[in-house]
């Protein structure tokens, strides 16, 4: 199946009157890697959360190819082949890495309560476990499959989340700060993994990231958000030179990091 | 590829490691099967109560331990099972009515009835979290108690109603049965022992399958992060509802077993204290673990009864009726203090304790590479 | 490997099971030749009491008083040449514990001197009859009649209620056309009592306003107010002792100045040190099917002296429990004494019916146990609180059967 | 009409006592995120101390002693037990209070049994007539004293440094720790307050026309659970509202039992839970509770 095209059309999002996203528009072409950047509080994570149906939009539409996904439930969107990672890692800390990855197969498996209770889910489970092991091998987690997730190093946790998103067999992959907190080598490695996965698995990728090195090296296109609005969009080279971007984000290191903006505490 | 070779290399070792476990299991099965031939009714009765309670605890450990939904209403669903069975299998006697169904049919229907009650409550359960759900479900216990007292034709009111003994294919699980095995008369307790053992074994295996399979994994991610689970494609509302229904059905089975073990259904048994005991059991045993639920249930049920039987032999504790520390009060002290101590030293419960011990004793080659 | 494991396990289990089942000790020990609880020198009787739960005080009191009687009987040579031994177990008013304790005690005893609690008796009834066990009770419900395995000592709740209403009318506290308020516990005590009060009020041309309560209710203001609103001139009360105090003080608070007649369990001596004392002393009476611990007969005084000797100034909370337990233990000795030649459970059941005129002066009315379907007596006493009387109660009227109670037909079962 | 008014006044008085119990419960939850299952036995212990000390030292001193003991029990619970558990493991802490409750209840059951201990309060046995209403003095005193107590508590929370620290740490524990608030002191104070409030409420519950201190008072205190939920578990104002709602509804339903017979007998006890479930269906975090937002 070919990778999908994602169209975000005039999407707005308000939390009790506070506008987190203001008529955001951009398109992610099939098979490309698309970065969303912007200062803290610009609405990047909110944007990803609306794409997944976690926050209900207050206006606009989101299209995945020709399907409108604007008001679908999160699990329905996942079922369409949208996999994602989270900014602050979301795993089951007491479970093994393998179990955490197997959750990613949820949408692809069907054994319900009754079937599982009656030993009917085993074959299916074994089949999927093979694929999960492959993916774990791909991201370099093979040796950790039996470890308890909560005991993993931070870098491994990031890879675990990435691998779990791949376990969904996604067509659209959404990554929320995939390399935040990693050192330069780890960041570069994960960036390359994203590119390899995109190619091998035919993915469209949308990601939010602060690490400009990674953004510039893997993104095909970049959208810049500030105060919930798109302030620039283009190829990495264009964006890098855009004066608005430079003043709003890249070139203003003295800008206070913790802006008391909507995204911080959505109430 | 490397995984496959590794598995092959480990296999003989794994066999060697599993063999003692298998033998231990076999021995345990034999002991459990042979117990009625040796033990007095007193001990068997404790076993019956423990097994009945363990099945209920299994249900709660799925709901709370795995799916993270705090329920203080478990006693209500147990009551539905107990009274459901008593009503469906009972006959009309005086002011108490019954449908007179065959006991096995009544038991199945009572279990389903408890599941339906869980389903009816699941819209509430799906909307609430944490302590709100806990106390909302606590409301069920009080409402249930109220119904038990007031629906007199069904429940018999304050004094309860008696329970039809179980029977299967013409065999009656009661003291009036004439069966004797190897010279041991098989009364209610002995024959119920095997019935309870079978039900508990099936309940444990089913719980294990569910917890280790696809639903269990979804429950646990949902417990740890609801949004995360939804993003993996888990239908959160439905998963919550199904956890609630499954746990209610476990409670229903526990209720049927309780009815058979008591041979009487009385409303005061199904109170807030029972719900809290269930909670304490699964946490003492280790949340989300099937063996933990069984160990916890046995402990909580048996402790007071055993302590009061051996009160005479214990220091500080006096026999029934004498002045001083009564055995059942002492049992309460031990139970309460133990809950406190376990929580202080092993918040993961007894299972975590055993796990740590095993980890320490395991030969180095078997330890997983860190 | 994985798949073969269950098979290995089951095969090993089967082999082991066949090996061990050959030598069960349970099989040999359960020969049915000797009667449980009887040896050449002793007779064991069981007691299942609440010694640590909500009714622990009564349980302990009954236990002590029963032991007094046993000591007396043994000192006088025992029964049938054997000493009586008590096997006491605590059930903490928990059905689960009671059932287990019964299973433990039943194989060791000839019968049960006392099984406390209506729910518990209910849970055990099937076992009791399956074991041919004779069981003494601390309950007076007519629903317990008709079963030859159970002993209900004295008049039942319904008859006590009838006698109480009769007394209120005879004393002029109620007149024809007046309303009687009846606050009663749900469950067998209150509901049986309500049958009696319904009968009596119909027969005597009175009106009845009834209010049901639960044993756990603490605040009874609304019930008292409802009875007041119905214009009650007297209140009949079936409740726990705590609730009695609540009812009389709430009646006082509501300005409802009428006599309150409670049943035997509705009073405890310590109530006279609470804020409810003035109201109790002024308005409260008690109807009882058994004797009074402060009565002036030699038998009663002997019992009271024993209590004083053991506990000194600490008076019993419930004089009724002392008297009942002591009285019924002696009754048991009488029953067993009638079947020395056949000391089996069946023999004891048969001997029970032979007791037609047991009485101990002042401790209880004359009992006739020949017909299990009829109460062993229809007499009641009326008591009232008095701080200077022993156990806080003094006599108002000695044992008496009202005409109404004589006519009243009891539906057994 | 008079009867309805009488019921209302009684209901408000009972509701105010519930409000005190619920407040202690909610303050502990706000400060430490612990559901205190031992709250009802704190109450019973405090009032038991009052009743057993009053014959020898008089009611006033006994009341102070009871408050002190319950406060110390709260402090000991926090310092000796809860502080040894991982702060984030709320389950473990809640279960720990269950264990504590079992021990306390067992000991109090042993000591109290079936007996009723007189409270010996000076207002016991007195009845006042206010126009057409006949009311126990306790009811009138409760209606006067509890609002004063709650007012004082509010002042404490809004005006003092401790109150500020308390509210800050409730709003954001990590942030509060960063700005130098000592969380342990805040949570210790919360536990002490819970003991004090519970005992104060217990004195009201055990006063005339209730005959005195007995085990059944503990079951009355359970009504704090639905009250806390109705109000919203983390709202102090909600605790007061929840307590009042439960008290008034309970008394009104119990007082009109005859016309509400379709609900079954003893409906007064369960109606609080019915109200609770209805409120929760409408507002899943109670009337005044703050919504939890899951952030990813």
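As written, the chains take the letters A, B, C and D, and residue 1 is the first residue of each chain.
Operating definition for what follows: contacts are C-beta pairs under 8 Å (C-beta built on N, C-alpha and C of every residue); 3 or more make two chains touch, one makes a residue touch a chain.
All values reported here derive from a predicted model rather than from experimental measurement.
Chain B has the C-alpha centroid lying closest to the overall centroid of all protein C-alpha atoms shown.
At the far end from subunit C, in terms of centres built from Cα atoms, lies A.
Note on chain placement: the centre of subunit A and the centre of subunit D lie 47 Å apart, centres being C-alpha means. Centroids built from CA atoms put subunit D at 33 Å from subunit B.
Between subunit B and subunit C, the centres computed from C-alpha atoms are 35 Å apart.
Residues of subunit D in contact with two or more other chains: 109-110, 265-266, 269, 296. Residue positions of subunit B with contacts to 2 or more other chains are 149, 225, 227-228, 231, 326, 329. The residues of subunit C that reach two or more other chains are 52-53, 56, 186, 214, listed in rising order. For subunit B in complex with subunit C, the residues that touch the partner chain are 11, 14-15, 18, 22-23, 25-27, 29-30, 33-34, 37-42, 45-46, 49, 94, 149, 157-160, 162, 175-176, 181-185, 189, 261-264, 266, 268-269, 301, 304-305, 308-309, 319-321, 326-329.
Looking at the complex, you find that subunit D touches subunit C at residues 3, 6-7, 10, 14, 109-110, 113-120, 124-125, 127, 134-136, 208-212, 214-217, 219-220, 251, 254-255, 257-258, 265-266, 268-269.
Those residues of subunit C that touch subunit B in the complex are listed here as 1, 5, 8-10, 12-13, 16-17, 20-22, 24-28, 30, 49, 51-53, 56, 59-60, 63-64, 67, 88-90, 92, 94-97, 99-101, 103-104, 107, 118-119, 122-123, 125-127, 130, 186-188, 214, 413. Chain contact summary for the complex, subunit B toward subunit A: residues 2-3, 206, 209-210, 213-218, 220-221, 223-225, 227-236, 242, 246, 368-369. On subunit D, the positions that touch subunit B within their shared complex are 29, 35, 37, 81, 84-86, 89, 91-93, 95-96, 98-107, 109-110, 222, 225-226, 228-229, 233, 264-267, 269-270, 273-274, 276-277, 280-281, 284-286, 289, 292, 294, 296.
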